[in-house]
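Letters A, B, C and D name the chains as they come in the text, with residue numbers starting at 1 for each one.
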Amino acid sequence: MPLTPEQQAEIDAQRATPRPTLRAVSEGMEAHLYKASEVLDHGFVRVIDYMGDDNAIVQAARVSYGAGTKHVSNDEGLIRYLMRHWHSTPFEMCEIKLHVKLPVFVARQWIRHRTANVNEYSARYSILDREFYIPQPDALAAQSTVNNQGRGEVLTGAEAERVLEILKSDAGRSYDHYEEMLSQDGQQGLARELARMNLPANIYTQWYWKVDLHNLFHFLRLRADAHAQYEIRVYADAICEMVKDWVPFAYAAFEDYRMGGVTLSSKAVDCLKRMLKGEDVTQETSGMSKGEWREFQAAIA
Amino acid sequence: MPLTPEQQAEIDAQRATPRPTLRAVSEGMEAHLYKASEVLDHGFVRVIDYMGDDNAIVQAARVSYGAGTKHVSNDEGLIRYLMRHWHSTPFEMCEIKLHVKLPVFVARQWIRHRTANVNEYSARYSILDREFYIPQPDALAAQSTVNNQGRGEVLTGAEAERVLEILKSDAGRSYDHYEEMLSQDGQQGLARELARMNLPANIYTQWYWKVDLHNLFHFLRLRADAHAQYEIRVYADAICEMVKDWVPFAYAAFEDYRMGGVTLSSKAVDCLKRMLKGEDVTQETSGMSKGEWREFQAAIA
Amino acid sequence: MPLTPEQQAEIDAQRATPRPTLRAVSEGMEAHLYKASEVLDHGFVRVIDYMGDDNAIVQAARVSYGAGTKHVSNDEGLIRYLMRHWHSTPFEMCEIKLHVKLPVFVARQWIRHRTANVNEYSARYSILDREFYIPQPDALAAQSTVNNQGRGEVLTGAEAERVLEILKSDAGRSYDHYEEMLSQDGQQGLARELARMNLPANIYTQWYWKVDLHNLFHFLRLRADAHAQYEIRVYADAICEMVKDWVPFAYAAFEDYRMGGVTLSSKAVDCLKRMLKGEDVTQETSGMSKGEWREFQAAIA
Amino acid sequence: MPLTPEQQAEIDAQRATPRPTLRAVSEGMEAHLYKASEVLDHGFVRVIDYMGDDNAIVQAARVSYGAGTKHVSNDEGLIRYLMRHWHSTPFEMCEIKLHVKLPVFVARQWIRHRTANVNEYSARYSILDREFYIPQPDALAAQSTVNNQGRGEVLTGAEAERVLEILKSDAGRSYDHYEEMLSQDGQQGLARELARMNLPANIYTQWYWKVDLHNLFHFLRLRADAHAQYEIRVYADAICEMVKDWVPFAYAAFEDYRMGGVTLSSKAVDCLKRMLKGEDVTQETSGMSKGEWREFQAAIA
């Protein structure tokens, strides 16, 4: 249970007092505001603030394209057109601010998305809590034998038990030692900025993360993808649920053109044309490498 | 008068319908929303949307610095501390979206601030309006004789008249020719993306511009500065009036530490220390070049 | 002829004096260094400096992916893999600095690519030259009747003559007036930062533009595309010729996966699968709008 | 000793084969290329590539400011002028690529500088080495009692011994368990992307980091500062030594105006003016808070 009673009380208070605004309001998003969507064993994502809605995207596009957009009859059609033609600037006109609690090794992947604003909890200033990510049994996977960066089957039996025992006991011991080094009881106490180095990467941190919708879609395309590491994908999935309610037209277009979309190389397009004409194309006659051919087959089979 | 009756009616309608929200609300900014602040002869700035307020800055800082910020007794003190110590990330947690109508030569300076989102009116898609910036008599300045990028005295008499006559007649003729080339009356009509090349840089364009508060302060520091070109400074000044009402603590800290602040080199600090001890320091004994000494004198005199 | 004898002499001097370096050297790019590739009537692109080569991409990827990349047998295969799987960071490890002379209306499109470094000639500081883009007859196109932002047939006869006459005489007159307003002969002379506003958007400016290879590819994909405006496409085409010699493997992968690549929506992929199974799919049974269907047909026909 | 004989041999080979180039060459930087500057117990920084030199900054400025820069008589003076007046774009025209080996908790601070390109070693793909940062005795500091994010006295005696013992034994045990979980000897072996979560933040990682000179100076101002954490400051210091030899004029200006510079608020400037006139100003009459006054005193005393 990631939320303390104090946190839940604070959320309840924030949700109890609506105020009037003249700004664009997304009803779907208002329902999510401040509520924590629980992720992994101690993590969460919650929306702290947002700017804009589907209409804000349309409004910005109409500034840019003026009369040029009039022939697209409705807002949904225009949003689909923008997404299909990679007109990204109107999507940048929406912004979201999230509060995320997440393991450090997930945070390290996440932060590689540079076009965002971040305020992370600082372990130089303050002491981290005793909270570590320990995978559920069904997330305890073996190294993939075919993919260098992937997972294979779920571990079971004695091996699974050994792994969980190691993760739990090492986390506990590290945190005991962290407290012991920090302690000013009968000793000076090590600087916080040094003591934190003993903590493993499954400890939880938290941050405020603010990003525009275009860059958020880029994040979601990579991190809600089947090839993303499970532990970041569950955060991306939780965010998808919020975005779907925030900007339903934009999210639907994103699902169709990005998440479910496929990019084919010019070689692949050539093969496709030949196949549609009835030719029997094989890897040997495709001009593609074995890897490319395998991925092409997976995309269209 | 930059606003048409239609635009004014649209603004009135937008302002007439407050809706409830659970988000942070800045009362000061709500009063500005959608209203056009008139700038130059046909330009304006108006706030389309905003995210956050002074409290959002504090809230983000407290996530980062945790217990480390508790000793700063109040929100204003914390915001001043953050500004003084260049802790910029909490200020990035506020965002503003503006609708700006401005001459193209001003837009060209403005766009050099890269960390922002922009949707500009496209003259490839649509036809520009017949609106040109013609300076007021008191803005019609001679080239500075001391500063390569500055202005000197205001032009008067026959010279001023000649300049205004040129600007007006060239603008008018260019626009006539623009329409003539575009016309499909008895001819094919030149492509819009080509015809626009005949229009001078004082024609008005417009855009939506979205930026976070940290980057907005950077823009304002450079563009509301006395050395900025007058025609962009008036836009920066108009935005300052909005920001002052949006985030009053942050704006006051910005004024004190950035707009009114002075950066001294290590050489200048050395001189200052000697001067405070009663020594009579001259340019020759300062170690500074003439230019640096002149600027140093201006800063502390 | 865009280059003055002085400029040509400077280029010759720069090219005459090779110096030893321990850095990665791209022979293909050395052959381009400093040489101006002429574009439009007075413009050019020339490479001022570069960092890295194909091997630098591979080297960076091997830092990231370590043993994970060993099974990819060669550099070209690895680069193709990176491009196909959108692993963009290794491509960011190469950098290029260009000197570009271009009409202002082209510069205004170009600058929208924000992730780059720019030093543009300042008309506040200095006086612009009398050089304007006047289209060649075969670039003088009518407005497209089907595409709001496109061109149709080439104008001919009296209409073409009238357009060229307008463009030439307006440019000339604007520049005469620019000089007249700036003149300090018997008058004070208008400030340069004001006088420039009278100049039309086909006047030439110039800048240094520095960008990493990943962002350059993004620029080239959009601007060397058939839908880009002709006047920026010719610059993109000229840059393509340089990049091809600089990083031949990366450029070939870019051509195959990006320039010649096609992105299909999930709806389009579904249709494709049905078509490959022999089903006769029409727009009505495709689930796509007419516009999407038309684009889909164009992609695979 | 951070470098293996293999690495040293590779460096020697790279340094043995100069090649001719027509690009700008910085002799000072050539002497650093590829050589590892050792930092902390297992870390290093080494220059992999660079673009530009002092002259490249001047050259870019002269494109921008044209005739406006002619009155500045020499390159050093112009560079100092640019630095003093915050004209940052010419400094962006130089670029550097570093190979850095550093503890993860240092990497986490470093990566917050977003305007850079990074390729980090991936522990999803590959196995990390058994190398941990263990502080030297004189870096083993107590928590500061006055500064929430600072260090106080150096720990000694039994407390220091206990801390070192904890850091060493926890690191060793974590790594043993990491290997044990990964092992495929008689078991499936945990996925690398999961096993890494057990490793503490003092384990070493490595990356290629590419940044322009303007953003590098920003990094160095914050991280070579006395208030930066010691473990990142030593990296910044090592980089300073390289930059000093790469762009000596720019580095000297950076030292004078940024590292050694002081920013005063408008309140502080007012006090200073009063003090220079002989007035005895105290905190009570200064209008500053106690904290501001203390910092002001420290700056000018």
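Everything below uses one rule, namely that contacts are C-beta pairs under 8 Å (C-beta built on N, C-alpha and C of every residue); 3 or more make two chains touch, one makes a residue touch a chain.
The shown structure was predicted, so the numbers you read here are calculated from the model rather than taken from an experiment.
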| item | value |
| --- | --- |
| Both-way neighbours, i.e. chains that touch chain D and touch chain A | B, C |
| Of A-C and A-B, pair with higher C-beta contact tally | A-B |
| Rigid-body rotation angle, chain C and chain B, from Cα fit (steps of 5°) | 180 |
| For chain B paired with chain C, centre-to-centre distance based on mean C-alpha positions, whole Å | 29 |
| Computed distance of Cα centres, chain C from chain A, in Å | 33 |
| Where chain A and chain B are represented by their mean Cα positions, the distance between them in whole Å | 35 |
| Multi-partner residues of chain B (each touching 2 or more other chains) | 65, 67-68, 118, 122, 125-126, 148-149 |
| Touching residues (chain side chain B, partner chain C) in the complex | 103-105, 108, 111-112, 114-115, 118, 122, 124-126, 133, 135, 140-144, 148-153, 155, 159, 162-163, 166-167, 170-171, 173-174, 177, 180-182, 184, 187-194, 196-202, 229 |
| Interfacial residue positions of chain A with respect to chain C in the complex | 65, 67-68, 71, 77, 80-81, 84, 86, 148-149, 222, 255-257, 259-267, 269, 272-273, 275-276, 289, 291-292, 295, 299-301 |
| Residues of chain D that touch chain C when the two form their complex | 14-15, 17-25, 30, 33-34, 48-52, 56, 59-61, 63-69, 89-90, 92-93, 95, 97, 99, 117-122, 125-127, 206-208, 210, 212 |
